[in-house]
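When the chains are written out, they are named A, B, C and D in that same order, and each has its own residue count from 1.
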Amino acid sequence: MTSVPTATAPSAPDTAPTATGRIGTGSRGTRILGLVALVGIAVATYLALVSSPPDENMGDSVRIIYIHVPIVVVAYVGCLITTLGSVMVLWKKSVWWDVTAAASAEIAMVTTALTLVIGMAWARPTWGVWWVWDARLTSTAMLLLLLLGYLAVRRIPAETSTRSRRAAIVGVLLLPNVIVVNRSVTWWRSLHQDTTILNTLQPKIHDQMAFALYFAIPVALVMFAWLLVHRWRLAWMEQQLEDRELDQAISDRRAEAASGRAEDGPR
Amino acid sequence: MEPVVHLRSAVSLLGRFPALAGVDLDVMAGEIVLLQGPNGAGKTTLLRTLAGLVPVVSGTAVVLGVDLCRDRRSLRPRVGLLGHATMLYDELTVADNVRFWARAARSSRADAEAAMGALGLDGRLQDVVVAKLSTGQRRRASIAVMVARRPELWLLDEPHAGLDGEARDVVDGLVRHAASSGATVVVASHELDRARHLAGRTVTIVGGVIAGSGAAPDVAVAAEPSTLPMADESTAKTEVHHVP
Amino acid sequence: MFRDALLVAGKDLRIELRSRIGINQILPFALLVLLLFAFALDPDSGVLDRATPGLFWLAVLFSALLAIQRAFAIEAADGNRDGLRLSGLDPAGIYLGKMAAIFTQLAVLELVLGVGVLVLYSAHVTGWVLMIATCVAATAGIAAAGTLYGVVAAGLRVRETLLPLLLLPVLSPVLIGSVRAFEAARNGNPGEGWPWVGLLTVFAVAYTIFGAFGFGPLLEES
Amino acid sequence: MNDWGYVALAWGVTAAVLVAYALWVILRGRAMSRRLPPEDRRWM
C-alpha cells in the first residue's frame, strides 16, 4: 500500500521514455564527493605504502592494516545503516529507507568479503596461517553469511511493499545477530586462547603509523558515501521502473476491458 | 443504508499483475450478487480482495464498515471465503478440521456440529481423514467450515463445482437461508442457470473492471463480450435488488 | 493470544501424531546422522568421545531444519495459509502455537537422540540439571528463531535452500552455547556451563518476543 | 612470498574489487537512466 503511486493516473503515451538531460547516477554533489574520495585515497595510499615506516614486530605487513581497518569500518557502518533503514521501514513504511537499506547492505557485503580476504592476507605473514579461529575472523565470516541471507531475501521477486516488509524483518535482526554471534564467539574463544588483532597491534604504535590509519578511515567513509549515493540512485531507478511497468499494466488491462476482449491471462 | 461492500476505482495486484484495474461496486446488506465474467477477468481476485486477503493498492474499498486500505485483519474473521482451495488439513478428520476453524473464528462447538449436519457430514463421515475423502466430500467439508464460522459476508467462488445435484440444492438452500437472516452473498459462477435463480442481481467483470450490472434476468449473459455495456459509475450503482 | 496458541499447537501436534512424519522420517534421519558421524570419526581413537556434545547438537540442528520445513509445509497445502489469515487467529498466537509444537517435537527428538548417544557412543553423563536446562533453553531458541525464519521462507519457491542460509548463521550462538554447556556438564564443572545457559535463555526470550511481533506482517505475504 | 607480496595481495584485491563494483554500479545506472524520464531522476 505504500510504494505504488496513484495507479489511477495512467502514463499511457510515454511507454518508452527517452531520457533527456544527463545520463547516469551522477550529479554535481557526487562528482565533488568522488573527487574528494579519489584525492583522499591517493594521499592515504602514499601514507600507507610509502611514507610510513615498517613496524618493529610485523615489518611491512603492517601496511595491510591501513586498508584493513577502514574497510572493516565501512562494512560495520553499512550494516548499521541497513538495520536502521529496516527499523524505519517497519516503523514509517518508508520507501526511501527501504532503498537505503538495500543499497547499504550490498556495499556492506562487498566490504565484508574484502575484510576477510585482507584479514587472511595479513594473518598468513603474521601468524603463519591463512585462518585462525579468532573471534573477530569467525564472527566476520558469520556476518558475511547473514548479509548474503538478507540479500537473498531481497532478491525474491514480489510486490514492492511485500518485499520491503519481508526484507525489513530480516534486516532489523542483522545487527543484533552480529552482536550476539560476536559475543558468543568471543566468549567461546576466550576460554582457549587470547589472540586478537588489537593485542598484536598494541605495542608502541608509531605516530606516523597512527596518522596513516586514522587518515584512511574518513577517506574510506567518503568513498562509502559516494558508492552509497550511486547505488541508492540505481536501486531507486529500478523501483521507479517497476512502478512504471505496473502503471502500464493497469492501463493495458483497462484498455483490454474497454475493447471487451479478455484474454486468458493469469488469474 | 450503508452498503456492505463499497469499492471505488479499487486496484489489486497479483504479484505485479493488476488483476483488478479499478473496480466500482456496491453491494447492500442481504443481497445475493452473481459475479460473472470470462476466465482471467478478475473474479477470484475480487472475492479475495473482498475477503481482505489481497491488498488494495489504490482507490477506495470499504467492506462491512472496514476500510481495507487501512486494516484488513479485523475484517477477515467476519467473512467466509469458499475458494478453489479447500483450506483443509489432509491429515485431520472432517470433524477436527471443522472444529478447529470454528474455534479459531470463535464460533461455538454447536455451530460446528450443526454445519456438519447441514452438509451431511455427521455420522461415519466426520471421523474420516480428509485425505481419504472424494472431491465432492472435501468440497462439502470446506463449505461446512465456512458455515460453521457464521460469516456476515459470504464469498463463494464456483460453489457448485464438483458437487452432485443434491449437494447443490443444499448449498443453494444454505445461501438463501444466510441471505434471509441478514448475511450478504457474492457468488462467482460459471453455472449461470443455477446461479441466476439464486441471485437477485448480476455483475459482470471483464479485464479487471466492472463491465455491467443489472437484475439477473436482464443481462445478456452468454452474448459476445463486445456487446457488454461499458463500465461507468451509473451502471455500477443502478438496479439494486433485494432478495426477500 | 494464549488461547489461539494452544489451539494452533494442539492442531499441529495432532497432525504430527496422525501423519507420523516426525517419527517415521525426521527421527530416523537424526539417528542416521549419529551413525554417519561415527563412520566419519573413528570411534576407537577417542575423537568421537570428545566430539559427542557437538555431534549431538549438530544432529539436533539439522533435524530442526526438517521439522521447521514440515511445520510450514502443512500450512502450504491447499490454501491453508489463506485459511490461517482468514481465521481471525491472533498472529502472535499462531507464532507461539507453532513454536510450541516445534519445541515439543524437538524435545522428544532430543530425548531419543540422547539415549542414542548414550548407547551408541557409550557416553557417560554427569550434571543432569545443567544438561536439561541447556536442552530447554537451546530448544526454545531454535524453535523461536526457526518459526520466524520458517515463515519468511514459507511459500516461496526457494524455501528449501533459503531456510538453512537464513537460519543456520543465526543459530550459531545457540550451537556454541549448548555445546559448551554440555561439555561443562560432562567435565564435571557445571559452574562454567551456567553462563551459557544464561546466553541461550536471553536468545530464546529475545527471539520469542520479536517473533511474536514480526510474525503477523510476514504471514500476510504469500 | 615476502611481506610486500602480501601487502600487494591485500591492496590489489581491494582495489580491483572496489573498482569493479563501482564500475558495475555506474554502468548499470547509465543503462537504467536511459529507460526513465528525468522527472524520476530528480538529482539531475
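The working rule: a contact is a pair of C-beta atoms (placed from the backbone, for glycine too) under 8 Å apart; a residue touches a chain by one contact, two chains touch by 3 or more.
Computed from a prediction, not measured in an experiment: that's the story for all the values here.
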When I count C-beta pairs in contact, which pair ends up with more: B-C or A-D? A-D
Length of the line joining the C-alpha centres of chain B and chain D, rounded to whole Å: 53
Find the geometric centre of each of chain C and chain D from their Cα atoms only, then give the gap between the two centres in Å, rounded to an integer. 42
Separation of chain A from chain D, taking each centre as the mean of its C-alpha atoms, in whole Å: 13
What are the residue numbers in chain C that touch two or more other chains? none
Numbers and ranges of chain A residues touching at least 2 other chains: 158
All pairs of touching chains? A-B, A-C, A-D, B-C
Note: in the complex, chain C contacts chain B through residues 4, 7, 11, 14-15, 18-19, 74, 77-80, 82-83, 85-89, 216, 222
Residues of chain A defined as touching chain B within the complex: 1, 4, 6-8, 157-159, 161, 242, 245-246, 249-251, 253-254, 256-267
Along chain C, where are the residues that touch chain A in the complex? 148-149, 152, 156, 158, 162, 165-166, 168-170, 172-173, 176-177, 180, 192, 195, 199, 203, 206, 210, 214, 217-218, 220-221
Chain A contacts chain C in the complex at 90, 142, 145-146, 148-149, 152-153, 156, 158, 162, 165-166, 169-170, 172-173, 176-177, 180-181, 183-185, 187-188, 191
Which residues, counting only chain B, touch chain C once they are in their complex? 48, 51-53, 73, 76-77, 79, 81, 83-92, 96, 100-101, 103-106, 129
